[in-house]
Every structure is written in structure tokens, then in C-alpha cells.
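We just call them A, B and C in the order they show up, numbering each chain from 1.
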Amino acid sequence: MNSASMTSNRRTVSLVSLGLSLLLCGCGDAPKARFSWSKETDDLTPMANAWVKRAVLQNFGTPNELVAWERLPVEYGGFAGTVTAVETVEGGGTKLTVKRGEGTTAPASARQLLWKSGARVDEAEPDGVASIVAGETESTVLMAQRLDPVPDVGDEFVLNPGNRLLDGRRSYLKNCMHCHGVAGDGAGPTARYLNPLPRDFRRGVMKFTSTRPGERVSRDDLARTIRDGIPGTYMPSFLLMAPEEMTAVIEYVRWLSMRGEFEKRLNDELKDFSRTAIAEQGKNARLEYEAAVKNDPDAERPPTADELATRAEEDFRGMAEDLEFVFVDAGDLMAGPWERADATDNIITPSIARVADTPESREKGRVLYLSQKTKCYTCHGSTGKGDGPATEDFWAITGSSETYPERGLHDEWGHLVPPRDLTRGQYRGGRRPIDVFRRLYAGIKGTPMPAFGGTGLTDEEIWHLVNYVMAMPFEGPSTTTANPSPTVATSR
Amino acid sequence: MSAVTGMTGSVDHAAGAHAAPGFLSRYVFSRDHKVIGIQFMFTTLLMLFVGGALALGIRWQLAYPWEPMPLLGNAFADEGGQIPPETYTMLLTMHGTIMVFLVIIPILAGGFGNLLIPLQIGAEDMAFPTLNMLSYWFMWPAIVFFMLAMHAGAAAGWTAYPVLAVLPQAAPGSGVAQTYWLLGVTLVGISSLMGAVNYMTTIINMRAPGMTLFRMPLTIWAMFITAILQAFALPMLTAAGLMQISDRTLGTCFFIPAGIIVNNADPTVGGGQPLLWQHLFWFYSHPAVYIMLLPVMGMVSDMLACMCRKPVFGYKPMIHSMGAIAGLGFIVWGHHMFISGMNPMLGMAFMISTILIALPSAVKTFNWIGTMWGGRLQFNTVMLNCVAFVSMFVVGGLSGIFMAAVPVDVFFHDTYFIVAHFHYVLFGATLFGVYGALHFWFPKMFGRMMSEFWGKIHFFITFIAFNLTFFPMHLLGMQGMPRRLADPYHYSYLEHLLPLNQVMTWAAIVMGFAQIILFLNFVISSFAGRKAGRNPWNANGLEWIAPSPPPHGNFDVTPVVYRGPYEYSAPDAPDGQDYWLQSDERGGQMAERH
Amino acid sequence: MEGRFWTLVFVIFAAAALAACAVAPAYQLWFPGSGEALSTIGARIDHLFYVILVVIAVVFVGVNVALGYVLWRGAKQPSEVKAVYSHGNQTLEVVWTVIPGVILLALALYQMDVWASFRMREFYPQDMRTIAEVTARQFEWRIRYAAPDKTLEADPHPDDVYTVNDLRVPVNRPVAISLRTEDVQHAFFVPELRIKQDALPGKRIPVWFEVTRPGTYDLVCAELCGWGHYKMKGRLVALSEEDYAAWLKQAFEDQFDDGVGEGEKSD
């Protein structure tokens, strides 16, 4: 509410200035978009804060100057190729015949040429002047000037590196940013009007995936969400987005998620240097002192807040040498899961085909739904209305001893998340049986919806549940009236 | 008649004549119709700039979608200066609202109506001077509420269609902003209604001796008919506005059907009908279109006659056609709703009435051309603006026929063709007429003349830039480009329209800046312009026998009217002059010549 | 001298307006797409448009010639010549009231037929088939078809087929959609078919059309429906009867995909 009215204020102020100063001043420089920092980063002590920001900026850059960090499994794009023939043209210039890398198409124009191997590797200023003579054939001909030294056959290069990421950024800023925010923090200017709130990508967690429990989202999953939208939310369907544009946007979203996740990992690493942690430390020391001073009047006085801050800064300085390792490590730790996400064996495939959707199967599903084994009804309610007893409880904040101030289930982002009303026939993660199967198998990531696959339920049992759940919108509550002696829902 | 005049005159103006009023009562809380008229004009011209700035914001987004917007973009620095879509929607909502409710309606009825009615009928002031003052001061709370609505981001369009406008969760700005918006509309309606009552009473009761109905200038006829329109149409809008307010705040469901789920809120319990709002709203807002046009039609007739030194061609047909427009104006509202899902039978009825309303407009156009025919034309700023009025009105009127035809409207409804149409009528016709009237009656307001040179420069730039901005909108409409899209190029069939939109935007920017010329001309001339005598244009109306500017009470002696207002170039006029003041006793009472 | 300049300004404006309309089709600024209406009702709407256009063009030229003439005449008249003293002409008034009146009334009556067949239930084509339910919501079109060989019912059925922003219809036969909205008012607009209809909260409105050429056409929302109004981009794909049946069958199978069998389809 506060931030909302602040934005409104800013708007009025500048509306007034729009009206009056249009006469007086010109357009001036446009402001530059920026990636916001997370709450946790802002909470760090000055040195740690500066270090985190530097590390993130160094590896990811700003919205206007993106950095492609090779450690990350992101397809930054560009036209990769190998030189197959070199010919010097009269009147200066070099004609390069090149074989293009797999899956890339020659761009229409050349912006930058980056050499990956050969004599020019590691040159500070890659020669940027090139024009493409023949584009769409197996072997492409490039005309280049000022190539010094002339490349050899077999040298590898990338033309227009980072193209896909740049295209993704352009499309993202046009289509996604208003809700999801420049940094993918789910806090764009429009976000405050939406219910549910737009996804905050920065945890690297997406709700609706086809991947196994705990795994990252695959590119296909993102494509599906972008293409079909999420029914019942403000995520619209971008069915008609050009395929290349969608590929680029997906890559950019993955990259933004990694950027956020990287920032989060650094913050987790430097948790001890947050103001909150230092304050907690001070509080504990004071309590200890108060306890100790009863027995020993000369007990050592607790450090003051200033002392603690200074001490933290000193500690941080002491760590300086390990810091490089910290962020390289964070990058590597992050790369693995993201790389794995698209692997075929990471996608949930039922071991058996869907069990025939018969009354018997639905009945089995119903029994499971109401059983202690699944406890579906505790959240979704015995009639599937999404009004189970768990929605009336106060739940603990993850990683904290306190509970949320309002009743009901919360997701990882700390937002209230009502269990789906299964009688409405609205399926946010897709309405195909396989989609519902995967919801049950892997849960909804980042939410209290648990994963039943593998250990909890057999694939056959999941299919019974799918059949039951998918029939709910069409059958009256009669089949679910058999009241399942509701037990007291236990808080986690 | 004379009894009423006498009473008001003796009580009010006697006091004014004896004790010099203080600054506040003279210029701020004045009950003098001229001061109130000028107050209305200044306020509406200020609002014209605000509304125009909003329009430039809209144009910028259409020319450079999602690129940093100058000035307003600074509010969205973190996003690199690109405005979010709800801000665009706010811009178009408030542009429409301000231009209709705070510029065009009040500048005509409030501004020129106040200034001209007593002067032209030879009265000392309005029938109810205090009510008149209140009608101005009720506009200010309306302005405040509209500014609050803008601040909170009202974004349901100036038509405020339910359910979008009614459910707070339906859209950004349907929250408290929409309530402010409705309060603003209600207050501006009260202001108009006070004016309308006053105008009707004044025109009926306070005419000078000899000023029979058919000796009234067409301006007065137009103001009279406009006042009737306002008095009978406005209650509908006010009622509808209150119903919407109660839907929003008291939980009634006049406009909300059952089972609507917006933004994952609980389904509405409803039972109401969103179409009801459309009927009520357009029952006012279609006559309002004529409220925004008729006064200008009257003023342009006056100005053209004077600048052509020729009687108005077909004085009575002009009055009859205004009457016909007003009458038909009440039964055409449904043409805004052809595809809304109302009973298709109604579509047919409304098509007939709508197409027929083109007839009186056509008659008026022919009569204006007839007035110019064979005249001794003075090509000054006033004349040019009046001719532009006629020329633009022809375009706007003719393009309206497409929309009146229901099947063709199926395609054109809510496209830029409509936007082109109503800008040709409301900007092209009305605003050019207003520019002309500002130049024409300026000497009566301030006793000085506006600069002809700068007037013509302003006219030339505005005329060219206006047409470059709005004529291509017809073509955008032909392409089926819908209104109110923050990014039309999202659609592949509209992508190629970007360059055209950029041309239009730059034309609009030029046009916007050209209004600074008018503003400066207006302000500077008001104290440094050439001094004007009582009758700088050699016109016939009663206002020209009063001093420039007229004192409180207007006339030296109560004028007596001997003839109609358009006796220009009469062969029997005294001294061979080409005008013949209505109050000129030479020639005595003249029989009706038209 | 100056008067002639200003006369020219007004005349040139009128000429330029006409010229702009004349060259517009060459710059793709006339009717969208190919310029031809691709539905039967659309073709009739275009016809009506051109009828009005001809009438209007004649009036526009006539009025502007008259305006240009009176201005030019006034401009070149020596300033000492007195204006004609005339208060009007009763006959002229009658003539220019009655003639336009008759023309306008004729225009109005001429439109009735098309409107009736587009909107009035009694005049709908006999063999019209309701093919899909189109539900507009902020900010997309959700479309529901009956399973192959079944008829669409007002209430959802377990084997219904769903798409989003993707309306497919067979060509060369009258089809209808059942238009509704889940939240606020929207408008179903397919420019190339010249079809438009508001979706009214609380109401279900049938909209029929007959597409005359297979192809993909833009589906647009034409009624302000909130901040994301511009995002409601859909498509209408017109297919031959066989292609349509094949597509529906495929869509049905995709929708009941259980992830095994031919393996995960990459959509």
C-alpha cells in the first residue's frame, strides 16, 4: 500500500511537471533501467553489500549492458562457425568462407566478431567489422576488413555473441517487465494490482514444471507457460509470439532467474554479515550478559552495536581471499541443476498409461483423496472446494520460529496461497491428464502442495487420483459427502 | 420582463455602482457575468493544456511504444522511463474526461454563454448572479476530484463502462480513483445545471425591449437550446453516476450481473445489467455532443455574418435545424451501442434517427456557405477560424454517416475511425470555432485587440498540424486499428502503421506547441494589444454598443431593439454604412426581413 | 491577395484529403489484409461502405467546390463592392432539405437487410452450426469446442476440447460462436472478416459468420477491458472441413495426453 501510494505520488508530481514544464524544458536524457537488489542484499553491512553488488554486476551486468557469464548454462546466442577457407580480396579485406555451427542461422547483419580459437583469442578488442555476403546456405561467406592477423582455416568464432539474450531482453522489456519487473522480481509497476502476484523468478523456482521434484524448470515448461498462459491468473497466453522471440525470452527468463539465484546464494553465504544477523547477535550477547551478571558482577560487558559492526567488517576483510572462490562456487552450484533441467530423464513420465477413467478408478481416487496417506482434503477440503481445515490455521514462516500473521497456507515467497478449488475445472498448470499427473507427482514447487511421486504413491494410485480430481467439476458433491473423520490438522 | 430586470438591476448594480467592490468580490467571487465568463475561459484554457499534454503522452506511446517517455517517464526511472500499460490507459481516460467535462462543455456554456447572453440580449446581468458564481465555483471541486482521479490512476475510459469501472479489483484505477472520477462528473454536472437554469431564465425573461425571439442572434438561440439540452439530459447522468457510486460503495448491484469473477475475487452476487449504464450514460452523453457543438454553430453564424458583411443565410432554417438537432439528439444515443448486445431491433430504430440527424447539420452547412456567398469577405483570423470550422465540420459530419449505418459500424465501432470522426467534430469544428470566438469577442472582454499576425500564424500551424494528426486516423480506422491499445503493433496486421503514427505524433507535438502562440497572444494582448473601441468589427449586436470592456451593469442606458441582428449591407442603412446596429433608432422598428 | 492564399489552403486541404483516400489502398491503408472482406457478411458490409463512400465523396466534393468558389469570389472582389444583401431563399432551403433527406433515408433503409441477417435470430442461416464457446477474460480468449462428433452444450462437458487465443473454424459454411465473458466487457473483433460483437458480462451472445477463404486472421479485443487490453491477441484459423475435423481430432488427443505412448510430445 505504501509503495503504491508512493508511485502514485511520483506520477502526480511528474504529471504536473509534464503539463507545465513541457513548455520550458526539453526532453533530456531518458532514465536508465536498472536491476533492483533483493531485500537481503540491502540488509548486508556496507562492505558485504558492496561486494555482492560488485560480484553480481561483474557476472551479469546491467539491463543496458548484459554480461554473458560462460559458467552458466545459458544459450547466449550468436552465430558460431569455423573458418573453412580464407581469401584475401583485392583492395583490402578478407573473404572468409565458414561452416556454421549446429542450430544457428546466419544473422542479417554483423555487429561483433569474437574469436574463440586461433591467433586472436583473448584479444582485447575483437574486430567488429564484417558483412555477410551469402547468408542462408550451409557455408556462409563473410567479408571482413582490418583482420590482423588473417585467421587460419579451422579457427572458431562467434558472430554477434549474446544476440539471443539481447533479443530476449528486448521482448521481455516489452511484454513481461510491467508485471515481472526489470529484474524478474515480480514487482513491476503493474504487479501491485494483480492477484495472484506475478512470479518472482529470483529463487530459481517455478511452480508448474514437468521436471522431477526439486528440479529446476525446463525450457519446454517455460515455453508452455508462455504459450498457454496460466488460466485464472493474469499471465496471458502469448500463443502468437514468433518462435525465435519466444526462445529468446525463455533464455532471458532463465538468465534472470540465475541472476537472482546467484544473488540469493551470495546472500545466504554472507548471512552472518546482514544487519539482522548482527542485531540478533547483539541481542543474544546482551541476554547472555544479563544472565551472567547475576552470578558474576564483573562479567565481560557485551559488545555494543558499533563494536559488532566493526567486528563484522573486520571479519569480512579477513575473508576477502576466499571470496573469489565463493562466487565461482555459487556459479557452479547453480549451473548444475539448470543444466540438468532439460535432460530427458529429468522429465516425469508415468511408468504406466492412464488408468481407464471408470467409476471404480474414481472411487479409488476418492478414497485416496480422503485418506491419511495423501491428506488432500486437509487443504483442498473434503468437497474439493479448496477450503480444507489447513486453510484456517496459522502456519510457520519457513526458516523461522514465527508464524504468518494471517490464517492460511503460504508459499515460499511468503504470499498467501489458497488451495485450488478443484470443482471449478480451472487447471493452472495445464488440463491434460499428464499435467495433473505431474502436479501430483512433483507437487507445485515453492508451495505447500507436496510431491507424491516415487515414494508416496505409485503411478497407478496417482492416476486414480487424477481421474477423481478431473471428474470433480462435473459431479456434484454427492460422491464426496462421505465425511472423512477430519483429524486436527497439524502445523508443520 | 421589465419587472424582473428592474429588480435585479436596482438591487445588485446600484450597490456595485456606489461602493467600489474589493478585489475578491470583483475578480474572484464576482457575480458579474463577464468576470465569471472570463474565469471560465481561463480555467478551461488551463485545462486545455493539461488535456493536451495527456494527449501528447498518448501520441508518444503510439509512436514510440515502450520507449522512454519524456517527463512522465521519469516517474518510472527503474523501468528505464517506459510507462506501464495502466498509465497509458489512465492517460487516455483523463484526456477524454478533461477535454469533454473541463474544457469543451464549460468553455462554451460557461465561458461564452456567460459572457455573451446578457450582452447580446441587452440585459444588465444574468437572472441569478449568485447561482452563476456558484456554477463557476462548483467546477473547482470537480477539477480537484478529477485531479485526484488522475493521481490514483482512473483507467476505465471516459465512458466508465461497468463492470470494468465498478468492480474495484477489475483494473488498476477502478479502485478509489473511479469514485473520485464519478464525484468529479457529478459536480461538473451540478455546475452545468446551475448554468443551464440561469441561461434559460435569463433568455426568457431578461431580453431588452424590442428583442423578440426572432430578433435574437443565433448565438443566443444556440445557447438557449443548449441550456434546454443540458437541463433535460444531465439528470440522467447524475442519476447514473450516483447509481455507480452506490454500486461501488454501498454494495448495490445496478450494473453488476451475477457470477463475475475478476482478479480471483469472490464471484459477484449481482443481478444488475451493465447495459443499463450505457443507456443512461449515452442518454446524456450523446446530447452532450450537441452541447459541445451547438453554441459554436451559433457563434460561427454570428461571426461569419459580420466577417462577410452579409445577413445570415436562412436565419429561421438555422434555428429550426438547431431545434431539430436538439430534438433528434435525444433519440440517437443508441448508436454508441450498436454492437453492445442490446436488442438488434433497437439498432434499426437508432440508425434511422441517427442518419436523420445528419440532415439539419447539412442544412446548416449549406446555409453557412450561403452566408459566405457574395459577401465582402474579410480574411482575418476570425473568418479563417470560422471557415475552418465549416470545412472540418463537413469532414466530421460526413464520416459520421458510416457510423450511423449499423452494418458498417460493426466494422468501424471502437476503431480509430471513430477517434478521427469525433476529433474532427470536437476539435476541428468546436475548437476552431472557439478560437475564432476568442479573437472576435476579445475586444469586448479586455478592450483591446488580439494580434492579427500571431493569430494567423497560430491558425495556419494549427490547421495544418491538426489535419496531419487526425486525418490519417481515418486510415488507421480503415485498417481496423482499435482505440485504446497501449501497443497496437503487438498485432501483426497493424505493424506497418508505426511510421504513419510517428508522423501523426510529430504533427500533434507541433500542434501542441502552436497553442503556446495562442496563449501568449491572449495574455499579452490583454494588456498590450491595440486599443479597441466599442465596436471594432462594425457588428450589429447589442454587445457592441456597450463600452469595451463593459462595466458592471453593461450598458449606459437600457438598449431598445429595432431590428434583427444581421442587417449587414442593407441598401437602406443610414449613412451608407454596411452595418446597422440592432439598437440604432434610425429607420425605426423594422419588419422581419427573412 | 491574402484571401486567395487562404482560399487555396482550404481547397488544398480538401484535395489532399481526397488524394490521401485515393492512394491509401496502395499503401495498405484501406481495409485490412488483402482489402477484401473474407466473410459473406463482411463482403456485404464492404458493399454498403462503398455505397456510402460514393454518396459522401460526391457531397464532400460538392460542398468543398462551393466553399472554394464563395471564398475565391470573395477574395478577388474589390473591397469597395458591397456584399449581396440577402436573407436567404426559401426554395433553396426546401431543396437542400428534401433532397439530402430522401438520400439519407434511402441509405438507412438500404442497410436494414444486412443488419437483420447479421444480428436477428429469425434471419440466421438455416444450416448454421455453433462451433465453439468463446470466453473472453482479462486478457485472453479461452475457447471451448465439443469433442469430435459431439455438439456443443452450454455447460462444460468432461471431453470438451480447450484452446486459448486460437479459434478454428471450417470455411464456406455458416458457423456461430457463443460469446461470453468471465469478467468485464470485451469485444470480439476479426478485422479481416469485418465481424465485431461486444461480450457482455452476464450474457451469452451468438455471433455467426461464414469465412470464405482458408487462412489465419487476427482476433482483437475492441473494447477497453483494463490495463492489458492490448494483450488480447488471438487468431482465427479458417480451415477446410477436412482439415478442421483432423485438427479437432488431434487437439482432442493432445488434450487427453497421458505422457506415455508415443512419448512426451514437445507440444
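The rule is simple: a residue touches a chain if its C-beta (ideal position, glycine included) is under 8 Å from a C-beta of that chain, and two chains touch if they have at least 3 such contacts.
Because the structure is predicted, anything quoted here is derived from the model rather than measured.
Asker: Give me the step distance from chain A to chain C, shortest route via touching chains only.
Answerer: 1
Asker: Taking each chain's centre as the average of its Cα atoms, which is closest to the average over all protein Cα atoms shown?
Answerer: Most central by this criterion: C.
Asker: Per the centroid of Cα atoms for each chain, what is the distance between chain A and chain C, given in Å?
Answerer: 42
Asker: From the C-alpha centre of chain A to that of chain B, how far is it in Å?
Answerer: 52
Asker: When the C-alpha atoms of chain B and chain C are each averaged to a single point, how far apart are the two points in Å?
Answerer: About 30 Å, centre to centre.
Asker: Using the touch rule from the top of the page, what residues of chain B touch 2 or more other chains?
Answerer: 84-86, 171-172, 263, 487, 492
Asker: Could you check chain A for residues that touch two or more other chains and list them?
Answerer: Counting only residues that touch two or more other chains, chain A contributes 190, 193, 234, 240.
Asker: For chain C, write out the residues touching at least two other chains, lowest number first.
Answerer: 138, 227-228, 231, 233
Asker: Touching residues of chain A toward chain C in the complex: what are they?
Answerer: 190, 193, 210, 220, 223-224, 227-229, 231, 234, 236-237, 239-240, 347-350, 352-354, 425, 431-434, 437-438, 463, 470-471, 473-474
Asker: Mind listing the chain B positions that touch chain A in their complex?
Answerer: That would be residues 49-50, 53, 56-57, 65-68, 70-82, 84-87, 147, 150-153, 169, 171-172, 263-265, 487, 492, 512, 516 of chain B.
Asker: So in the complex, the part of chain B that touches chain C is made up of which residues?
Answerer: Contact set of chain B toward chain C: 84-86, 89, 155-157, 161-164, 167, 170-172, 256-263, 270, 273-275, 308-315, 317, 339-341, 344-345, 347-348, 351-352, 355-356, 358-359, 362-363, 365-367, 369-370, 372-377, 379, 384, 387-388, 390-391, 394-395, 398-399, 401-402, 404-408, 410-411, 413-415, 460, 463, 467, 471-472, 474-476, 478-480, 482-488, 490-493, 496-497, 500, 566, 568-571, 578, 593-594.
Asker: Using the touch rule from the top, collect the residues of chain C that touch chain B in their complex.
Answerer: Residues of chain C touching chain B: 2-3, 6, 9-10, 13-14, 16-17, 20-21, 24, 28-33, 41-42, 44-45, 48-49, 52, 55-56, 59-60, 63-64, 66-67, 70-71, 73-75, 77, 79, 81-89, 92-93, 96-97, 100-101, 104-105, 107-108, 111-112, 114-116, 118-120, 138, 182-185, 187, 189, 191-192, 194-203, 205, 218, 220-231, 233.
Asker: In their complex, what parts of chain C are in touch with chain A?
Answerer: Touch list, chain C to chain A: 138-140, 142, 156-158, 162, 164-166, 227-228, 231-235, 254-261, 263-264, 266-267.
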